[in-house]
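Everything on this sheet refers to the single structure shown next.
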Amino acid sequence: MGVTLETRGLCKSFGALTVADHIDFRLEAGVRHALIGPNGAGKTTFVNMLTGRIAPSSGQVLLGGEDVTRLSQAARVRRGLGRTFQINTLFRGMSVLDNVALGVAEHRGVAGRPWWPASAYADVRREAMALLATFGLEEDAQPRVVDLPYGKQRLVEIAVALGLEPKVLLLDEPASGVPSLESERILLALERLPRDIAILIIEHDMDLVFRFAQRITVLVQGEVLCEGTPAEIAADPRVRQVYLGERRG
Amino acid sequence: MAPGRALRGTGVKSPVGYAADARLRWTEGLPWLAAVAAFFLLPDHLSFGARVLTYILFALSLDLILGYAGILTLGHSAFFGVGAYAAGILAAKLGLTDPVLLLAVAAGAAGVLGIATGAVILRTRGLAQLMLTLAIAAVCFEIANKATPLTGGADGLSGVRITPIFGLFRFDLFGRTAYLWCLLLLFGVWWLVRRLICSPFGATLTGIRENPDRMHAIGAPVYRRLVMVYTLSAMIAGVAGALLTQTNQFVGLNVLGFEPSGELMVMLILGGVGRLYGAFVGPLIYLTAQDVLAKQFPEYWYLGIGLMLVLVVLFARGGLLGIADGLVARVRRRAWA
Amino acid sequence: MEAAASSLVSIAFHGVAYGMILYVISVGLSVTMGLMGFTNLAHGVFAMAGGYILTSSISRFGLGFPLALGFAFVLVATASVVLERCLYSRLYAASELEQVLFTIGLIFMAVAIAQLIFGTLQQPVLLPDALRGQFRLLGREFPAYRVFLIVGSGAIVAALWFGVERTRWGAMVRAAVDNRVMAQSIGINTKRLFALTFALGSGLAGLGGALGAEIIAVQPTYPFEHLVYFLTVVAIGGLGSLRGPFVAALFIGVTDTACKYWLPQFGAFFIYIATIAILLWRPAGLFGVRA
């Protein structure tokens, strides 16, 4: 099992405030890995450093063995790193299909073509539709994404990321803000994700985490508290202490 | 699912995107019909008509970056002015008077300025970017103002002679040649711009305007694409400037500075930003109104324009075309009810 | 040598006077842009209004100079509150393009109204006798009016800085500039804060326009002509900052005066080049609070 995503000694401080403190992290190929921790633990900052949205104060990020710490977001995406956002950042005024198609087109390298109409690129459209179909969203391809119910928007978020054919997928709270009836649908979608992609999921919904993850890392105040299988984490007294009042059996 | 069904919920058929119908609609032929009809029906106003067509071209260039790519600039007149002066200086000082050559040089000069400034300012955003566009335009103005031997300074550059187009069509006093020349160029540029907007590149621009962060996250080379469209827009503005020089056979200092940039924005907002044809409607209405009203009541003209801008921003953000769309949508709803 | 030193002093003096006025006018813009995130290109309109109020009150209503100054401040501040509550506040959430367009529309209207009421010519400023003539300092003669400008602006600046550093209002402004959402959640009434700060900033602009009426000519095209300079002071100084625009204004004042004196054939060319260079080096301004 190769290591597809790794950090070594990753640190980030904003002035006197340290949000990441020497984080060593390994994500292995094909593994479903969850990152949990109380609010303000620095999880989203960590993901932002993984994707290149913010630069670490020190430390390294390695993707597929290659040091990508200096590379831009777009460069990392081209090397197979995909992500979704905690708060929807879709192209609100554009149709659902276009949202996914933009990513597909980038991945296929046709997004910069200036001459033939976009609608003539039938293979891009087909692939985008196929992706939407895997989430049961074929009927919703035409409307603007902002007209969809929030739960479906979260699914579109994931579809967009998949359109980039990532080797590593970072899901930042995919079920956040979604009413519990719809989050089941998201969980099913997650379970159906291709097995060869390594997935890191940040979540607060412990139900989802324990059903989905094969390994769990616990982040508290910018530091890794512990890491292990779900059973190990559930049994760890330090974790129980951190999540006082949120015990899961 | 076939491409071409109107996007539900917007009432607007946009040709942008992978689901859209990019074929020409019959309504898109109307502006050209109207322009040709005007040639025959309004022979006394063709000089004015040429001016309108020139400003439509200029507005098209601004819509490309403002309406589609979302780049806010107050200094677009720099490219217009550079194109105008390039053509003027070549014709008046260097004796190179072939109109096609002048357009090519103007496009080149404006393009060089576009890529040089674009590469630099598109790395910034917000107030810094706005300021830089203003400052660059101000620099161009100062140079034109002070380099009197070359540009004529505040008096403008006269003595611009233009030889017949293709050796055949002389620029006449009634503006007939100028009108058709502008119309031809506008048609060509419009066709190119429309293709660009419907293409995957055009879809990218819309994405960059809507959510630049997201574009980075899907691996798009945002900066490169912005520089490319900025340069193209500069070139088109340069061509428009050169056309104005050819039509007037004169270059005034008022092609540079804040006023033409501001006026152009008013024209575009009036017509509707990001709609391709807003750039057609806006200058036509604005310049016609200006021709009729401003001469009678010059102070009230600016008051009216200012008031219109304020009202448009507060109540009618889509401009005239937006209002038209709203009316059409309302009529349609009633037809179904 | 003597002549060169003399002209250096003269340039520095005039440049500082000009810079101080630029600061008094522009500081309000920096604070409101930093505080409300609103791109207000029409700020120059308030300065122009102040200038017109001063010249009108002296020449048409025979008010004394100090009273006219106070009048300028109060009237402009009051009018700006009305504008802010009725119009500006609707657009706080609007896009930058819309804010720019709206304020350009305001400029057009203001320019037209000024022209209709006052005509296109520059307004003459009738200075009180005390300010005409020269002031002796260190063996040199300086125009009394400019000395007054420097001293007066200095006093205003000191009062402003004191106010922002020491008063509760100032603390609220600083907090809200830093993090508006946070400030709201700790109970700061941002609506009232905005209105008050906007009034103060615009009032200062009016006062600056009135004070500087002799060196920055009061005419209808005022907001257009000086827009670039006011914005430059803020952009170079840094949005939301107080000290940054001060440095920027002095820099612009002195450099502009020097260039116009020594290299008149280049005009404002070097100022613009310097602006471009500084903004490229530091896009957030020299002392920018918000990037």
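First chain written, first letter: the chains are A, B and C, and each begins at residue 1.
Everything below uses one rule, namely that a contact is a pair of C-beta atoms (placed from the backbone, for glycine too) under 8 Å apart; a residue touches a chain by one contact, two chains touch by 3 or more.
As the structure is a computational prediction, the values presented were derived from the model and not from experiment.
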### Task
Please give the intersection of the contact partners of chain A with those of chain B.
none
### Chain closest to the assembly centre - both centres taken as Cα means
B
### Query
Compared with chain C, which chain's mean CA position is the farthest off?
A
### Query
How far is the middle of chain A from the middle of chain B, if each middle is the mean of its Cα atoms, in Å?
42
### Query
Could you state the distance in Å from the CA-based centre of chain A to that of chain C?
48
### Task
Please compute the C-alpha centroid of chain B, do the same for chain C, then give the distance between them in whole Å.
33
### Query
Do you know which chain B residues sit against two or more other chains?
none
#### Entry: Residue numbers on chain A that touch chain B, as the complex places them
51, 53, 72-75, 77-78, 83, 85, 89-95, 97-98, 101-103, 105-107, 110-121, 124-125, 128-129, 138, 141-144, 147, 160, 163-164
## Note on the structure
chain C contacts chain B in the complex at 33, 39, 87, 90-91, 94, 96-98, 100-102, 104-113, 115-116, 224, 227-228, 231-232, 234-235, 239, 265-269, 272-273, 275-276, 279-280, 283-285, 291
### Query
Given the complex with chain A, which residues does chain B contribute to the contact?
1, 3-5, 7-10, 15-22, 195-196, 198-204, 206-207, 210-211, 213-222, 225
### Residues of chain B that touch chain C when the two form their complex
66, 72, 74, 120, 124-128, 130-132, 134-136, 138-139, 142-143, 145-146, 258-259, 262, 265-266, 269, 273, 299-303, 305-310, 312-314, 317
